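The two complexes that follow have chain A in common; it is paired with chain B in the first and with chain C in the second.
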Partner chain A sequence: MNQTAQQTVRVDLEQGLHMVPCSLIARTAERFPCEIHIQKEDRSADAKTMLDLLTLSAENGSMLVLQASGEEARAAVDALARLFESNFSDTDPGSNC
Partner chain B sequence: MHVKHGIAVSPGVVTGEVLVLGTEDFRIPQRFVSIDAVESELGRFRNTLETVWSEIKENERLASDRLGDQFGAIFGAHLQMARDPKLIAEIEQLISERSFSPEYACSRVLRRFAGELQNLGNQYHAERAVDIFDLEKRILRHLLGQRREELVHLTAPVIVLAHNLTPSETASLDRKFVLGFATEVGGRTSHTAILAGALEIPAVVGLGHFLADVSGGEMVIIDGNHGEVILDPDEETLAQYRELEQQVHSVSERLASLKTLPAETIDGTRIALWGNIEFPEEAEVCQGHGAEGIGLYRTEFLYLETNQIPSEEDHYQAYRKVISAYPDHPVTIRTLDIGADKVPETHDEIGDDIVNPVLGLRSVRLSLHNLPLFKIQLRAILRAAVDGDVRVMFPLVSNLLELRQARMILSDVMDDLEEQQIPFRRDVPVGIMVEVPAAVMLAEEFAREVDFFSIGTNDLIQYTLAVDRADPSVAALYRPGDPSILRLIRAVIIAAAKYDVPVTVCGQMSSDPMFIPLLVGMGIRKFSSTPHAIPELKEVIRNLTIEQAEQIAEHAESLDLARDVENYLRGELNRICPDLVF
Partner chain C sequence: MLLTDFVVSDAILPDLDADTKDAAIRGMVESLSGAGRIPAADSEGIITSILKREELGSTGIGNGVAVPHTKHPAVDQLTATVALSNRGVDFASLDGEAVHILFLLISPPDLPGDHLRGLESISRHLRNPNFCNFLRQAQSCEEVVELLQEADNNQLG
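Right after this comes the complex of A and B.
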């Protein structure tokens, strides 16, 4: 059952989308079989690769589009959106990492 | 092909394979593997990755337990990076399709990612490159296992590229295998640069950031004459440089034949050419280059080498070694010339609050502040002087009181030695380094109280022009040819002549053949320079007349821009000795 899903989220982290949030996105994304991309303006990154995500250089306040296509696309986008909504708070180490 | 510009600190041209030196010194032993080894190499890579993953997981667990989850998360991020599918795919592709060795492939790919992050133009991301280098080291450490090669265990010739080399690292470079080196930081007058000159290997420093683009194993050219480093040169450039390498080699062979000839101008004026040394072993290097004495023996290495204050015996043995190479010629020993921050034990006393070491408690100030330390050195100098023509020289003297105090301590030490009936020499000539503009202003007053002057151009330029040559952002402002510097040198010569005090010029300026006609024309008859420069200086002197030199000096001193002075002098050198201008 192929589906697509899309949602816009806002980065609300003082240091922007830094290393730890990127790793959490990748770790969450790799649990889903679908393809997931995160788009910032004209740049797009594979959500399963944190090195790609880092190069998005998404600063505090930037708007990102989460896009998934394939199996469990909706669930994947929801899971990632929840990370953004909770501000990655579970394990955010703060500003220095 | 990439061309990087830095500061040339040791001449010569060399071509070779790169060895990148990190804080941990990994050397990638092999860039390619044979086609039939690809499968097993892929297997080796995957096994290594799994080991790396479990190592990072263990770090994550430890950090979480001991420091809290937020710190564990950092390693969680490292783990995610090490498991990045894109990263792994790229590395595996290089191994399987291009037969790269896993070490080379990892290094290439990770460094490319690091470079991308650094180029995003954002401080945070630039700093993340460090995390990637950390991962690279982690992987290489496991891949290389027992095969890890240290700098000291080199078995094939390489060119060392590093962020920085400490003086002791530089000193430990094996000349047989290290063909040349280049560093991101450092300046012309840093100890590292001075040591490179002593080792006689081409070196360029102060290149700024460039190591992220290099993984090791590729070809590089070091042009120590122009301060250029060429990474991955194309065929044409490579051929051009190999020819130049030959040419430089044949010129230096011809110059070596001058060794036994005197440093005398065409019209018969003898010029003294002495050597600058840092280690006692270099005295022999000086002999090899035809130096007629030691004009500057820097004694700092005695303090930097170990973590202890050197004993009187340590000093004495080092000095004896130099004197035995030059028993009948001048050996000028300069007392301690570093900051308190670099001297063991005194460091605790002054703490970490040094605001500006260059203007702080250093050199003769430190010696006068710590008399036991000073007396140990002076005792050793006076004792060693029994066997040779030793002179003692105080650095960074900036007022007359310092000179008088230092002389007083010297005579106290003589009294002690006499009382203890220890043999020493009483008539040791005493001189100062003229390297602070204040000392130039008072040169006449100083001239009445010293036996010789030595103009230390490195510090004199730094203090006069207010430029730290080690800082790449202002290094270009450091100009020996600046008219202000010429005027200061002239002032010292005039003051010294009134009281018949001999003047030596030491420092990098006196090692550059371009400045020799000028300085001779101004009246300098004694030079102390890096040993390898001596044959070139001799060549210049032997092709010069005093009258010609005086005309050159007169014209150079009439110019008002450093650039014009240096261009003019370069042109004159080209007329006198065309093959010295590369």
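Right after this comes the complex of A and C.
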């Protein structure tokens, strides 16, 4: 069943949304069949594409809108929101990355 | 942020002589050192740091592109170089493809915003197929610098 879902999340990472969390977002997003975009102000990135995600340049404290449309949209947004809520805790290696 | 603000022209390698990730990273760091942009004494530490970062997940992000990087106190501003490989480097990329375009980025640890803006600039241009195609055809440092300037000026469509 087609759905749409949206949720606003905050980047709570000292180093911002650098390549490691972007990679985890892309890997998580790819598990879902729906289209997923992440919006920061006037920029929108395909959540399944690393190059797109890196163009968000989302620093610590940035607010992002997760938007999904299509099959499993709600589950996709929930899964991505959980990454932000846990501050990517299992994967963020800290300062030199 | 402009590519030409942080890519060191004198360290560009238009014909990278490396088959492996380790050799590619070493060659690029040594090129930055040779250009006088990082202290020779810090080269090994920077190489180790970049390789350690690769262990967390390849920075080969697909489409023949890799962006190996680290944060290191040896630099006080964003410092990068570009390397091109005709035959391709095995980078254990996300899509399994060999890498032909490499941007190596070293950022000061206390400037995470600059690091993100550098990555943003690199990835924004790498999304442009014209930029990637022209870059892969470039034969000299001068041609690469010219392309970076054209990209900065949004002249590549």
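Some notes on this structure:
Rule of thumb we're sticking to: the second predicted complex is superposed on the first by the 97 of 97 C-alpha atoms of A that agree within 3 Å, B and C clash if a C-alpha of one lies under 4 Å from a C-alpha of the other, contacts with A are read in each partner's own complex, and residues count from 1 in each chain.
Here, a contact is a pair of C-beta atoms (placed from the backbone, for glycine too) under 8 Å apart; a residue touches a chain by one contact, two chains touch by 3 or more.
Please read these numbers as outputs of a predicted model, since none were measured by experiment.
Annotation: superposed three-chain arrangement on chain A; chain B versus chain C shows a clash. Within the superposed three-chain model, A:M19 lies in touch with chain B and with chain C [touch as defined at top]. In the superposed model, A:V11 makes contact with neither chain B nor chain C. Applying the stated contact rule after C-alpha superposition, one finds that A:V77 touches neither chain B nor chain C. By the touch criterion defined above, A:D46 lies against chain B but remains apart from chain C after alignment on the C-alpha atoms of chain A.
In the superposition on chain A, A:I36 makes contact with neither chain B nor chain C.
Looking at the shared chain after the overlay, A:N60 reaches chain C, while chain B stays out of its contact range. Superposing on chain A, the segment of chain B with clashing C-alpha atoms against chain C, chosen from 23-31, 383-391, 437-445 or 527-535, turns out to be 23-31. The interface of chain A with chain B overlaps its interface with chain C at residues 15-16, 18-20, 23, 26, 50-52, 54-55, 57, 59, 91, 93, 97.
For chain B in complex with chain A, the touching residues are 69-74, 76-77, 79-81, 84-87, 113, 116-117, 120, 122, 124-125, 128, 131.
The residues of chain C lying in touch with chain A in their complex are 49, 52-53, 56-57, 59, 61-63, 65, 67, 69-72, 94, 109, 112-113, 115-117, 119-120, 122-124, 126-127. Within the complex, the chain A residues that touch chain B are 15-16, 18-20, 22-24, 26-27, 30, 46, 48-52, 54-55, 57, 59, 91-94, 97. Residues of chain A touching chain C in their complex: 14-20, 23, 26, 50-52, 54-60, 91, 93, 95-97.
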